[in-house]
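Please find the structures below.
The two complexes that follow have chain A in common; it is paired with chain B in the first and with chain C in the second.
Let's turn to the complex of A and B:
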């Protein structure tokens, strides 16, 4: 009497489990499908430009929007690299890329260097004016370059730094974000380490070089990614400070390339766009691990 | 704030601080101070007489219909960018969080738009929305919609919003995913055993627990929409057509660079500074309280 009931219940339970499994699997497939669709939608603009950059001028300006590669890729990239867009640019892409690299790298290393030393001073020393120094750095968080563009431009032009690397770079180097991140990290260095170093007769600079710097490499790597992207992508400041082609960056140059639309070399613009976005995207993807950690930590 | 064990040197810390403090003073405090000072001055048309006019520049600014128009554009634009970028990112993060196996791969696939410059993102979107050479632009014109963001203000605003939000989604996604992954699984499993539906679990458990992340991102996204989208607007619409995409930062640029109106552009800088200070203050209040329901 009991056996058949138990068997039926068991079968019923098994059916339910299988149904739940099926439902879960269907759910997983739907989730993946939506995510893949999302990823594809995000990649679509890049794909169009990547494919368009391998076609000739006529195809692109007729508006055919090719979704498959063409045969003019090498020619387009070589033209952009060596000459730029004939009618609208002041410099070839190679020169603008060099300017962008110089700017992004100097901003990055400059920010990391001055933030390391100032965070070290604030954490490991006690001196009059320490809190004032800390707060003056901290408060610059509230003054992004965009809100003080013209007054800052005036200072830079009074110093005669328009159209120079110094004018392009130095005003962007002060960084409250990096200083705060290093300060946070330095506070976690155990006091015993400092004591041991002092007992061994190491001075502050020796301790900085042999203990603090090696311990900070992960933080430096994270900041490198964030600051490189920040430096490479600057727009408003270089737009004001570069009035000739000498120090023009790629991000500025590409917008100038659009010109008045009627005479835009769209295929060259596409090839230039691809080249302009490769360095920062490569840095982010290759250093993803440090970048994500650094981003989430530095903003907290 | 301070370590117990420190180095006794007196001069060295000043030397270490000097580079950062020098740059901060020359390129932050000096210009900010000048902006405040100039915002109270007015130069005559020839630039040879300067007069102290108290708050007249500000009064004129807030009586100027063009400036009020930019405030309206900025509010609509920032809200649209923030809501769009955050809701899409949250949706994707919730889905990616469900797939423990694929989450890392999706993270890599969604992370890279963060690295693209706003101006370059704008150019990518030209090839989607340009009325003659863009994929969607041609399609819309083909089915009879009069699509041209260079002529239609609402369409222009829509395109700059899309391009700006597209770039910001990856940043929001990273933070939402990190937030979701820190929610203890046991709480969600307990609710599931109690029979709470997935939607109910999301709105009564996940969303409240995410609120610190959400508030933080809210401030970051508004700041982004205010300031970092300058490149998007300059590359796509130049503030047009008919000022439809002229945000406050774009107007400050036009008035200073093109119209060379020092008093007015300084007053605008001061207004923007007040806005940033307010946003930062809100952010710190919320972070300190660690918002929870």
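Let's turn to the complex of A and C:
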């Protein structure tokens, strides 16, 4: 009696296994299909820009969307780098890249320096108005840049700083986010460490230099990445404050290159776009290890 | 080496009194252990001495000089913290050298002092490591090394062993004691662990709710506790307390549990019938077939060489006995006798110790009495 029952059960099990395998395969296909669609959605525009930058002016103007590399790549990049778009701005990309680079770097260092010191003051010292100072920094987090952009513009133009690096950079340096991040990190530094330093005879500046700064390096690296990309991508403020090509940034430059449909050197615009992508991508890739470390762990 | 004097130190935090006027005189090279339950103010006292907190009233004198208003760095003291507080980004060498660097000592001397301390503590091979690459015991040693290289007038220890496992704690305890003897630096050591207190201290300060209940040598604290708090705090398992009244004439105590215990160290000069608390340590009770106390055994905890027997007396009071040899079974009635020599008499109302008029029972070793006299 036992054998046939066992055989039926075996067949049943076999069938169930096969069904499960099939279901798994279908699942895998569906998830991959969605994944590929997602990747294509993100990657395709970049691919088109990359390919477009290697064709001559006529190809893109005709309305073709090139998906394969053309032959004009080197020429396009050299033209963009040295001369810019002949039809519109005529400012060379190299100059705009330099402006962007200087702006992004100075904003980044400025932000880190200011927020590091203000967080240090808020966390490690007891003084009247400490909480007021902290909250007024914190509240600016809630105000979008656009809200305070016209008062800021008024102040900067009254100071005669329009079309200068100072006018471009200084208003962007204050950072509630970075201050908050450093504050949170400083709060994890144990009180005993502060007290041990006091017993060792370290004053506040000494403690800052010898203990707080070295412990904050990973956080600084993480902020460097975020802030550099933030600084590089600034659009609204540079748009207001730069009216000539002298301090024009690359992001603004790309927009100004776009004239009317017929007047646009699409091949140059696309080459410029690719070049504008490179520095932030490089920073992220180079500092990725530090970036992740700084956001995930606090060294204790 | 230096002396430390604490004069009437009080501390209030927003209306709560944490310390109610502490007086303490620490002699040169002496090791004082401040012991008490958590929240008794012992750490606050230590931090006030360190200068990490300010006293609400009173003075701190080091070598006779008033340091009450000085910053920690100007007091010439070193402190070992409970969680070691090593600088995580510095090597062992730099951790130890940091205080010297700030004081601007020449490099050669720093290197020499650190090397010396490292040799003393067996850290020689670890100087290049970071704190996180060290075990708990090694970190503890680095923290001590950091204190030693400074060659301070005063060492402060804030529960330095409580983060270590039991075995290491015993080992480090002996090491600290040896080191303190060898360096002869006046030390203040805070702990909640009475074994640490008993073994390390030349004298103990037993603290309770912001007051120093007793300041005496470990043996005196153990054999002549000043009040019921100290009696119950020092000694494990804790002393048994039994309610009693003073017999007419003041020559004996009548226990609520039955028997009368004669005072062999003399009469207590109190009115007849005064409520008393009689203290007997678990190790002093003797099982005897003619014992007058009948303990109904309810739990037996074997410890190997001996056993702790917990039970109830006919009066409803709990009692613990430490017995070597065979122990009774739960439920049995264990007759116990009380050796009159080992009875502590306290006034029930105030909890204060009442000594007999003869006081021949002072068991304090002669040597420590002499030392104490020399310290003062």
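Operating definition for what follows: the second predicted complex is superposed on the first by the 276 of 300 C-alpha atoms of A that agree within 3 Å, B and C clash if a C-alpha of one lies under 4 Å from a C-alpha of the other, contacts with A are read in each partner's own complex, and residues count from 1 in each chain.
By definition in this document, contacts are C-beta pairs under 8 Å (C-beta built on N, C-alpha and C of every residue); 3 or more make two chains touch, one makes a residue touch a chain.
Given the structure is predicted, the values throughout are model-derived calculations rather than measurements.
Q: Using the superposition on chain A, decide if chain B and chain C clash or fit.
A: On the superposed model, which is not a single observed complex, chain B and chain C fit side by side.
Q: Using the superposition on chain A described above, determine whether A:214 touches chain B (first), chain C (second), both, or neither.
A: It touches chain C, and chain B stays clear.
Q: Would you sort A:14 into first (chain B), second (chain C), both or neither based on which partner it touches?
A: In the superposition, A:14 contacts neither chain B nor chain C.
Q: Can A:201 be said to touch chain B (first), chain C (second), both, or neither?
A: It touches chain C, and chain B stays clear.
Q: Using C-alpha centres only, what angle sits at chain A with arms pointing to chain B and chain C? Round to the nearest 10 degrees.
A: 100
Q: Thinking of the overlay built on chain A, is A:56 touched by chain B (first), by chain C (second), by both, or by neither?
A: In the superposition, A:56 touches no partner, neither chain B nor chain C.
Q: If you stack the two complexes on chain A, which partner ends up touching A:263: first (chain B), second (chain C), both, or neither?
A: neither
Q: Just checking: does A:246 make contact with chain B only, chain C only, both, or neither of them? Give me first, second, both or neither.
A: neither
Q: Kindly classify A:142 by the partners it touches after superposition: chain B alone (first), chain C alone (second), both, or neither?
A: first
Q: Once the two complexes are aligned on their shared chain, state how close chain B comes to chain C by Cα atoms, in whole Å.
A: Superposed on chain A, the two chains' closest C-alpha atoms are separated by 8 Å.
Q: Which chain A residues are contacted by chain C in one complex and by chain B in the other?
A: In chain A, positions 195, 198, 299-300 sit in both the chain B and chain C interfaces.
Q: For chain A, which residues count as touching chain C in their complex?
A: By the definition above, chain A touches chain C via 190, 192-193, 195-202, 206, 210-211, 214-215, 299-300.
Q: Tell me, which parts of chain C touch chain A in their complex?
A: Going by the criterion above, the answer is residues 50, 52, 71-73, 77-79, 81-83, 85-89, 98-99, 102-103, 146, 150.
Q: Please name which positions on chain A make contact with chain B in the complex.
A: 28, 31-32, 34-35, 38-39, 42-46, 48-49, 52, 60-63, 65, 113-115, 117-118, 120-127, 130, 133, 136-137, 140-144, 146-152, 154-156, 170-171, 173-174, 179, 187, 191, 194-195, 198, 203-205, 207, 229, 232-233, 235-236, 239-240, 251-252, 254-255, 258, 266, 269-270, 273, 276-277, 280-281, 283-285, 288, 292, 295-296, 299-300
Q: In the complex, go through chain B and note every residue touching chain A.
A: Going through chain B, the ones touching chain A are 1-7, 9-10, 12-14, 16-17, 19-21, 23-32, 34-35, 38, 88, 92, 95-96, 98-99, 102, 106-128, 130, 132-135, 138, 166, 169-171, 174-175, 178, 216, 220, 227-228, 230-231, 234-235, 249, 252-253, 256-257, 262, 265-266, 269, 272-273, 276-277, 280, 287.
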